[in-house]
Amino acid sequence: MKKLINDPRSVVDESVEGFGLVHADLVTVSADPTFITRKDAPVEGKVGLVSGGGSGHEPLHAGFVGMGMLDAAVPGAVFTSPTPDQILPATLAVNSGAGVVHIVKNYTGDVLNFETAGELAQAEGVEVRTVLVNDDVAVEDSLYTAGRRGVGGTVLVEKIAGAAAERGDGLDAVAAIGDRVNGNVRTMGVALSACTVPHAGTPSFDLEDNEIEIGIGIHGEPGRHRIQMENANGITDRLLEPVLGDLGIASGDKVLLFVNGMGGTPLSELYIVYRRAAQVIADRGATVERSLVGNYITALEMQGCSISVLRLDDELTQLWDAPVHTAALRWGV
Amino acid sequence: MMLDVKWAVKWLTMCAQAMAEHRVELIELDRAIGDSDHGENMDRGFQAVLDKLAEAPPETPGAALKLTAMTLMSKVGGAAGPLYGTAFLRASTFLGDAAEVDPAALAGALLAARDGIVARGKAESGDKTMVDAWTPAAEAAQAVAAGGSGNVLAVLVAAAEAAEAGAVATDPLVARKGRASYLGERSAGHRDPGAASSALILRAAAGAAA
Amino acid sequence: MKKLINDPRSVVDESVEGFGLVHADLVTVSADPTFITRKDAPVEGKVGLVSGGGSGHEPLHAGFVGMGMLDAAVPGAVFTSPTPDQILPATLAVNSGAGVVHIVKNYTGDVLNFETAGELAQAEGVEVRTVLVNDDVAVEDSLYTAGRRGVGGTVLVEKIAGAAAERGDGLDAVAAIGDRVNGNVRTMGVALSACTVPHAGTPSFDLEDNEIEIGIGIHGEPGRHRIQMENANGITDRLLEPVLGDLGIASGDKVLLFVNGMGGTPLSELYIVYRRAAQVIADRGATVERSLVGNYITALEMQGCSISVLRLDDELTQLWDAPVHTAALRWGV
Amino acid sequence: MMLDVKWAVKWLTMCAQAMAEHRVELIELDRAIGDSDHGENMDRGFQAVLDKLAEAPPETPGAALKLTAMTLMSKVGGAAGPLYGTAFLRASTFLGDAAEVDPAALAGALLAARDGIVARGKAESGDKTMVDAWTPAAEAAQAVAAGGSGNVLAVLVAAAEAAEAGAVATDPLVARKGRASYLGERSAGHRDPGAASSALILRAAAGAAA
């Protein structure tokens, strides 16, 4: 394992410290317990948005803290959800009295830890709502699993719910917008290579030179099935089909198309995937109204990508377009 | 023979040793069907428990377990943190502030721990989780305690053996809860890391009483 | 080799096509010959800025086309400089009459091809100036080499010269600003792994599990020397020392610190490197006034990073802060 | 014997074949001390030359070389594109619109090509570049032509052999121009890819005359 780190056990602390130095105009970093808040938190009268999860998915979540998106991010150890004693103070720090929405990716650990923190916050008089993100269509049989995972759609939920909070929506309204985004977004991913968790030191799975994993999540876990390597168009079709099918995308639909890199794939390849995905969507008679291409929710240095499609309506489009000023997403300001 | 706070502290110390020793093994188990962090998390958590025990030595077994619960909850993260946190918290509550633990109380505490895990994680037996170690362990403890031999060591040895057998028995199962469930059929053929760490914890409990 | 591509020979075309689809609000893509221009080019009265080079360094250069930065980008084949028959029409397309500045990274191929294109453009009546970027301190003995390479500093030259052009500076003034940035920036890079050029199919060099290459460029070429793997702080010190030394950074200096990922290194690790670099600079009594951390000039999926330091003065800082609206850098708008 | 446009077209065709055949080998040479693109670029360039030759068949050797120059310049890119472009352009200019090429003109054209590369790239002999193939080749051609045997084939064979020897002789050199120069001492022990492709081009010239 070769990584630009000093010690597997200090990876998150040192990285967050560096992040805080670079983005001192945007965020405040709290150490021990570790969490990141928007510089001007709590924002008077605004609903607070808190998300978090294991580290290793950067820029998610800290990179999305700032005006128009998250008020706080709570990073756990690599691929390990944070603990209530981090989530609780983050929640308290961003509560202006208007309540706080927790955006939680659907993993057992994240759900349990946020649940506990939410109860503790409620006990301290803070109203908390939870938006559970579970957009991964790779998890087919959610009856016999822990349910669909939260993956690429998380970025879109955070942006759009963040814009709703910024325009002054109330607690239930912000949560409802978050749920609406989650209900209209689906994602599927592929890995061309595994990633190596620093403390583990060996790749999270072994792939032959001609194999890829279809339906991976964002934790270096193996996917639903392993297939022979295919070209970019073939892989794109495989990922997009279940996404469009599950959403029931039909002629006349307007969508946001999000091609996300898993961390180790060059940007140029993401554009090749985007190109094909846009063609397929156009062939269905739907329109790509908005796009996002880049490394936004990653799995360390994993090679691969995920494709997310969000069905848009006018309000969601407007909220997507609203100004945002974070380390990783910025426009209109 | 009764168990006191010394046993509890020795147990937790042996847990920390076991997690450090089996850290890589637990990471490897989690690597196969999860996200490679279980050994690291458990090791970090129990090292923190050691620190806390040194800082503020508990006076009763229940207090030791409560301190453990709070520490695991705030240091482990992931699925295991809240689950083990709840388990130790429920066991602690069950024991109250008694200075000594007899076989019946011991078996009751183990059952409370198991029930806490089930309440929190909603897993059933056979879902390939730590429940598959704790349920047979709690049942074996009950059986021995009910036998009335009065031997806490025998209760703990029975629990440890049952947990170990339960962990081994997760090998062929298809996971239906936790991260491994995403793998579907591909999760069969691997031991559940949480069941494995549970067996280590219960073996340490017996070791501390020996 | 596993890549999200369809055919090594169509990589650049398809990727540029996808880029054009995603960023249709910002750029126009011309195919055959391939080049990318700012949507509103030529901008009346403004000096045009053209850069280009081999592909595989994305987002450079196409990602920097837009308001406040480049007017055109000319991508060659992977790691191969573009040809005069691409550079010339790009130059003509962005000339509003105020002349055009070519920003050229110092490689034999880039220099020769831009030189030819510049002569051809002059012959067609377009005034052309060239800013040569050669910031790589890894190339020690420039007397016995093709001279220092243009690497990370290129991004800073393009941003700052772009801002000068945008504020209305004349042709010579824009070129002079570009030269000033180049004269005040130094860079050095490290590779933890090689990259694989699509048409080659095998990694550009072979590294053992415990080896790294110090002083690499951006073309997957081996570096100046190979050393045993070290921790992030050690590597950072090794890269930063010659950069600061060559620039003569001293107490009281103000700098921009740019930690650039080579494509396959997680963002989190770049922040760990940044953290150390900021400490070292502070220890020298200098101040980090501005920062940039991310994948901006890459070598496909290479793992590693480069550290650039630019000595700032008030004007350069102002130009850095000026609004920019491109696919990869955006602020103030 | 004199060389005509048929020879020129055959030469360029054989160049294209040689580049396709040795594509991987040239990539490998460039991988060792450069950026792995030389074989790909030369192959792409000479395939484009073939297309152009088919589109608009040239009438003289000079015209064929000019078309080659323009095509390489616009399709190869990198360092090799402008350098070979200049070489073919200078050779073409030297030959003018003569229909036939005698040994003296041939040697003169090769020298003009060499001089073009030097003028463009400013490399000296021993810098481990394609100049190390072209300089001995041009000199050998001159020597044979000056001998007055009147044999164009002999001129070309001498040039090809000298270029091949020159390419081999780059192996121990430390590069001082082009991308390989960044490697310093580490560039020694590898053949210069541009010298190797130059040898292929000159061997094709001889082959086309045989």
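A, B, C and D are the chain letters, set down in written order, and residue numbers restart from 1 in every chain.
The rule is short, and it goes like this: contacts are C-beta pairs under 8 Å (C-beta built on N, C-alpha and C of every residue); 3 or more make two chains touch, one makes a residue touch a chain.
None of the values given here were measured: they were computed from a predicted structure.
Graph distance from chain B to chain D, where chains that touch are one step apart, equals 3.
Most remote chain with respect to chain B, judged by CA-atom centres, is D. Averaging Cα coordinates per chain places chain A and chain B 32 Å apart. With each centre defined as the average position of its C-alpha atoms, the distance from chain B to chain C rounds to 54 Å. The set of chain B residues touching two or more other chains is empty. Taken as a graph of touching chains, this assembly forms an open line, each chain in contact only with its neighbours along the path. Annotation, chain-chain contacts: A-B, A-C, C-D (touch as defined at the top).
Residues 27, 31, 33-37, 40-41, 44, 73-83, 120-121, 176-179, 181-184, 186 of chain B are the ones that touch chain A when the two sit in their complex. On the chain A side of its complex with chain C, the touching residues are 1-7, 11-12, 14-19, 21-22, 55-56, 58-59, 63, 192-193, 209-210, 212, 229, 231-233, 235, 263-275, 278, 288, 291, 293, 295, 298, 300-301, 303-305, 330-333.
Against chain D, in their complex, chain C makes its touches with residues 9, 33, 54, 76-85, 107-109, 112-113, 115-116, 138-141, 144-146, 149, 197, 199-200, 202, 204-205, 217, 219-222, 224-225.
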